[in-house]
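I am attaching a structure below and will ask some questions about it afterwards.
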Amino acid sequence: MSATPMIQLKSVQKRYPGADADAVAHLDLTIDEGEIVVLVGPSGCGKTTTLRMINRLAEPTSGSIVVAGRAIDSMPPHELRRTIGYVIQQIGLFPHRSIAQNIATVPALLGWDKHRTDARVIELADLVDIDRSMLARYPSELSGGQRQRVGVARALAADPPVLLMDEPFGAVDPIVRERLQRELLSLQQRLQKTIVLVTHDIDEAILVGDRVAILNTGGILEQYATPAEILTSPANSFVAGFLGSDRGIKRLSLLTIETHMIEDGPVVFHDTPTSEASDVMDRHALDWAIVVAEGRIEGSVSKSGLNGDTIAQSRMEVLDSVIERSATLKDALDVIISTNGRCAAVTEGGRYVGVITTAGISQRISQ
Amino acid sequence: MISVAQGSDQPIIVWDWIGRNLGNILDRTIEHLVLTAIAIVVGTLLSVILTLLALRWRRSYGPITWVTGLLYTIPSLALFTFLVPITGLSVLTAEIGLVSYTLLILVRNMVTGIDEVPQEVVDAAKGMGYTRRGRFWKIEVPLALPVIINGIRLATVTVIGLVTVTSLIGLGGLGFFILRGLQTFSSPIGTTQIFVGTALSIALAVTADLSLVALEKVATPWRPRGTP
Amino acid sequence: MIDGFLGEVIDWFTDPANWTGIDGIPNRLWEHIQMSALAMMIAAAIAVPVAVYLAHRRIGGSFVVAVVNIGRAIPSFAVVAVALPITIRMGLGLGFWPTLLALLFLAVPPLFSHAHAGVVGIDAALVDAAVGMGMTDSQVIRRVEVPLALPVLMDGGRIAAVQVVATATLGALVAWGGLGRYIIDGFATQNLPEVFAGGLLVALLAIATEGVFSLADWVIRTRQHRIVTHSHKVDV
């Protein structure tokens, strides 16, 4: 990722007529090419106003904004907007146009020919995981999550280098939201756009942002750094307060399971004698063991469930403390805490690779 | 002159008369349709202009509503009496009166229709790079169409009814028969004429209403069925 | 030319003969107002209680819509004309009865539909609270639904009243009096200033009627401190 500035806000100020305070106060911000910058802060901090000044939906009272080397006031607003993708919370799909027509909006405005547009629409539908059969339907026929994706596809249609997103996942339920956030990240891996995203949710900012700008009421920039930096060293008490008292745990969501953290776990096999199984459990100071067959986790067996000569004759239960290798430490801790409180089995591609323990996690944090 | 009737054993409808006067009836029906069509077309054009004005300069909406409301409240017959000294017993008089009546309904529906387009759709259109004009004609107007067509529907049905009143200034369309019928109500031909004028006026109104409902459905294929 | 004509109209208004007797302005005006008021009161007495009751029980919604739609498709002129043979055959004759009958027919639909919509549009939570507090059905209707439906009802009253005043003008065609007399008689005798004067009086009365109802509506709305959510669509 190069550090070429893509969007530069220089001393940008916005004061609404008749207001006695700035909505945005002399903000200096540089957003580099290919990064996702999240503007986050409480209500009234000017994050949405700032975003809307980039595509001139709001006009700065003073200061300048430069996008891709050009001052934004050097061209008519509608021309500027056709080069910047725009996604809003309520999406705003045109009800009277089909999904395909919605996606094709900016290409149509730019005068692309039909073939090029059609091909692009299909390409985008595949990209955001919208079934091609949906293209002829109308927005009213789609679910909330589907509409959200169409909104993103529509913003990307003319392949703009910059994407502005205003609370894009605010209007869907938390489960869908998390999925959409992860989809955005994987999309970004492929497309490498410059994205400015506004949210009031600090967790979203930490998850999604390469850099996060924390704004205070009146558009004051309190801190502008990577999520890890902000979490480890908040610039002041406002930032610390905004991050919340679970700041430490939030940090865990930025860390993933590292190889050296994976330990040997209490593993038994179908043909393991029950006496040996009992020893394995004791060695790990647990009263249960993981049953592995052909490299995959089959279940667990507790000490009280041991029966007969081998594990095959014992009572097997479902193992619920399992976590994927690629998970964050926060997810791993969550699984451990909500199951047995000691450790969780780690799988990679479906195969058992070891366990991760609370001790291992806390050791990592203290580094 | 209206004469007092006595006969209640006489038929109410003389079908024979209808058969003999099909030509007249057709002529009057056409007259009715023409008067209505002119009023609606002119009314719609004027209303579009007034609506564009009202949308451009919000302050003008109040006075526009006030004036068109006034014209609406004044009974059609009274309005015609004001015009007769100036424009005589003519189609022009009738049309000025009829058009005036449609303005309130049409302007109000057009403005409301545009206002009711969801804010986020307008915002998205703006953010994507539509010019003001493009946004208005390609996004806002199509989405306002259901309400606008509804207004035209209301206006059309109203005008069809009012055309009958123009019989008093020498026109009338199907109202001609109603008036004639009133003047000769003692005879069965009188009641027949009232019947013919009334039935056909209602038929025209219902047909127009249903046609415009169908038009609305055709013009808005994107509407989820099952919503009013 | 216009100057001369307006002069003639003014002459008509200043002629004392036009202020006396049966055909004088006071009498015709009074006739017109009386008839309109009578029609409104009877129509309201018929339409409102039925509509309120039906709305309270949440029935008749589609019937209301049908009534309104049918009512709109029938020209008021036709209503007056059709009323005549009916009252003749009923032995009630000309003049007063067909006019009243026609006006009733025109006033009932808007009153009915607005009364119904007004009650239906009341926030269900308010009615629920009232019932929950122990009010009987009739108490709910009297103390909650009718007062809260009043603004919408007044809207309907306004629409009906203006329609009634306007159509009463046509009563002159069925040998009734009222201000329409000037217009009809004027046309018959080619006395255009009289026609104009009649039209002016009718217009002023209609505007005044609208004004009175708007005022009543304003009074009711400002006196209602309760927040009511209505989702009705009011006809013009």
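A, B and C label the chains in the order they appear, each numbered from 1.
Keep in mind that, in the parts below, a contact is a pair of C-beta atoms (placed from the backbone, for glycine too) under 8 Å apart; a residue touches a chain by one contact, two chains touch by 3 or more.
Model, not experiment: these values are computed from the prediction.
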Which chain, with its centre taken as the mean C-alpha position, is closest to the global C-alpha centre? B
Chains most often in contact, by C-beta pairs: B-C
Once you find the CA centre of chain A and the CA centre of chain C, what distance in Å lies between them? 63
Between chain B and chain A, distance of the C-alpha-averaged centres to the nearest whole Å: 57
Just the number, please: Cα centre separation of chain B and chain C in whole Å. 20
Report the residues of chain A in contact with chain B in the complex, numbered from low to high. 55, 57, 78-83, 86, 88-98, 105-106, 109, 138-141, 154-155, 164
Taking the touch rule as given, give the residues of chain B at its contact with chain A in the complex, in rising order. 118, 120-131, 134, 139, 142-143, 220-224
Residues of chain B that touch chain C when the two form their complex: 2, 4-5, 8, 12, 70, 72-82, 84-86, 104-105, 108, 154, 157-158, 160-165, 167-168, 175, 178-179, 181-182, 185, 191, 194-195, 197-198, 201-202, 205-206, 209
Contact set on chain C toward chain B in their complex: 2, 5, 69, 72-78, 81-82, 84-85, 88-89, 93-94, 162, 165-167, 169-170, 173-175, 180, 183-184, 187, 192, 195-196, 198-200, 202-203, 206-207, 210, 235-236
